[in-house]
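Okay, here's the structure, questions in a sec.
Chains: A, B and C, in written order; residue numbering restarts at 1 for each.
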Amino acid sequence: MIAVLRRSYSIVLLLIAWEAAARLGYAPPGLLPAPSAVLVATFEDATNAHFLADFSVTMFRLFLGLAIAISLGVTFGVIAAQSRLGPLLLEPLVRVLSPLPKIVFFPAFLLLFGFGSFSRVVLVVIDAIFPALLAAYYGARAVDEKLIWSARAAGMSQTACIFRIALPAALPTILTGIRIAIVIACVVVFLSEMVAPEDGLGNVMIRAARSFETVQMFVPLVVISLVGFLLDQAVMRVRNAIVHW
Amino acid sequence: MARFGENLPKALAPIAVTAGLLALWQGAALVARSSYLPPMTEILPITVSLVGSGEIFPDLLSSLARLAAGFGIGLVAGIPIGLISGRNRAVEEFIMPLLGAFYPVPKAALMPIVMLWFGAGDLSKVLIIILTVSLPLIYHAQQGARAVDEKLIWSAQAMGCSSLRRLLIVILPASLPEILIGARVAIVIGVIVTITSEMIVRQSGLGNYLFTALDMGQYAMTYAVILIIAVLGFLLDWLFEIMRRRLTLWAPDRQGIEIAVTS
Amino acid sequence: MIILEGVTKTYQRAQGGGEVQALGRISTSIKGGEFVALVGPSGCGKSTLLYIVGGFVPKSSGRILVNDAPVTGPGPDRGPVFQEFALFPWRTVLGNILFGLREQKVPKPEAQSRAQRLIEMVHLKGFEHLYPKELSGGMKQRVAIARTLAYDPAILLMDEPFGALDAQTRTMLQDELLAIWERDTKTVLFVTHAVDEAVYLADRVLVMTAAPGRIKADLAINLPRPRRRDELLRDANYQNYVIEIGHMLDRPAAA
């Protein structure tokens, strides 16, 4: 615990300075509430049914979107890496689609699918699928060819090869891609709820902004950032544990 | 091993893909017959006219101006910080946790908060763009500086090169390949945060134009603007990639993967 | 010119405490204009010793004096040449050579002419505007040598400079180095693990033991100068030196 604090002392310093500024009157609570106030508000919200409802909605969209993006992305990525046609189709597609700011398609989804969860999940999927797919593709491609050849020579089928050799070997890279996908998904789901506010954590923030409840503006932001941070750290630990064989 | 289409020049493939996607769209639109999904034949002319007539220019330029300002400042501030933190343990230990803490935060979501302090105008948006693009710039500058061959530094030291000069004429150029990768990531993220912040706080810019079209029920126009923004993002990325290659012709070829970290 | 007294170097182990002693007490002196070779088994610390003399790596104890002044850091009086060339990849051949001249505040026209002379001296005329990426290993090392010579250090510190080159290029550069040295009377400290190279080039060979490195032997090489490869290869003295030093390296670390 001490080691963690030592390594992140600048954050601790920042928080202390921020708290001090608030308490000493340099920061009006309407403009910059103290971290302690935000913390208290977060705990209060955690037991508030309305907030929990919004939180659950956002989490539902987040996890559904991630589940789809990761499973599709990894599957396609690994298959494309092992096939002959794959690279030919995949590389130009990625070159065209990757640099596009995907959030720009959100209004189209709103038109086509309405203002509910579906549009937002679709947005999460198209944003999060790229890092997962690319990580799986490059990870599987980097797998030593000789491993595959030996397996094929021993009679293993193409499919079995994909799932029992390429996939496990590419796992560390894939997990890194998943980390990126997770953070992107958290950001995107929150933003989608701010841009077209209906419900969810992003909407909580917009509502608070409209009624000038400054502390309440910080809470959903802190919550989604924390969710992203924790998930990212969790996957990082899994990856580091795996890399040790 | 003869591969299907191996003779297609590599440059054609993205064009083919784009054409394919547009054709797919057209097909889907004709099948769906919904006013929410206008066909490309309706969208493309509007796109052309928006650009041709210059109607979209005020908003386009205002978005680009903010992006340029935010990116420029982020570059000038972020690169030195990154380079120094790559060579100085103390600076690194100070900076890295802050970067790590800000990484999962949705930067465009800071708009309402930043607006409280700086108003709803360009300043808030530019500040957020600066914050957003700084992250990859600092990170990549740091990575580049860290990886500089010790012997290059020793050679410069033996020549009587002071610490500060070394940063400028050895560490900076040596880190340039990595910095330019960071710049490419940064511009893509920069476009995203610019557009998104304009969608959240609707004042001017392409994001605002887009949602206005949506609100007014001009569906084909909405898609046209989407297309324009998408192309803008693509062009900027392409531009930066070309710039990266031109500026680092001297660099030995990179091994390893470039994962597209974009959203 | 270079005096070492009781120089040691200890490293802290990265994980799990404890220290590693890379260099035992090293004491020796090198006269101005001498060509001294430093040989030893891998990991004996010979490169470390070179870096300490150069001021790139701090010593753990002892004294080092260069021209009666203690070594506190790198300086233009001790010019390094590294095995991996360490050229600035973003600068051309000419740009690399001009680098040191610029740092030494040599005015432009003089710097240009000095650089041109050096380029000719290392037989790279016509290649001035190429980038290191476009050069062969031998050419890169020539640039590295020219770059170091540009700021005219009194001492050359060479760390297995020809180790990464093929045999033919190596012998060619050895002769070129000797030619340069004979003209300029520089002091050279030359680290290598190739005994024949050491004997061929040097006035004196210092043999080091395995880690912690100490100087096991200090042999004067009494072979005629200028060194003629064809003659030396047949010379019994040359062969004896090579064999004798080779034996010293074969034997396990002596106290």
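Following the convention adopted for this analysis, a residue touches a chain if its C-beta (ideal position, glycine included) is under 8 Å from a C-beta of that chain, and two chains touch if they have at least 3 such contacts.
From a predicted model like this one, the values you see are computed outputs, not experimental measurements.
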Item checked: Chain occupying the middle, per Cα centroid -> B
Next item on the list: Please identify which chain has its centre, taken as the mean of its CA atoms, farthest from the centre of chain C.
Entry: A
Next item on the list: Mind naming the chain pair that shares the most C-beta pairs in contact?
Entry: A-B
Checklist line | Mean-CA-position distance for chain C and chain A (Å) | finding: 53
Check: So what's the Cα centroid distance for chain B and chain C, whole Å?
Finding: 47
Checklist line | Averaged-CA centre spacing for the pair chain B and chain A, given as whole angstrom | finding: 19
Check: Tell me, which parts of chain B touch chain A in their complex?
Finding: 1, 3-5, 13-14, 16-18, 21, 34, 36-37, 93-95, 97-98, 100-101, 103-106, 108-110, 112-113, 116-117, 188, 191-192, 195-196, 199-200, 210-211, 214, 219, 222-223, 226, 229-230, 233-234, 236-238, 257, 259-263
Next item on the list: Using the touch rule from the top, collect the residues of chain A that touch chain B in their complex.
Entry: 7-11, 14, 30-32, 84-85, 88, 91-96, 98-105, 107-108, 110-112, 127-128, 130-131, 134-135, 138, 142, 173, 176-177, 180, 183-184, 186-188, 190-191, 194-195, 202, 205-206, 209, 214, 217-218, 221, 224-226, 228-229, 232
Checklist line | Residues of chain C that touch chain B when the two form their complex | finding: 51, 54-56, 73-76, 78-80, 82, 84, 86, 88-91, 99-100, 103-104, 131-133, 147-148, 151, 153
Checklist line | In the complex, chain B residues that touch chain C | finding: 149, 151-152, 154-161, 165, 170, 173-174, 176, 249-252
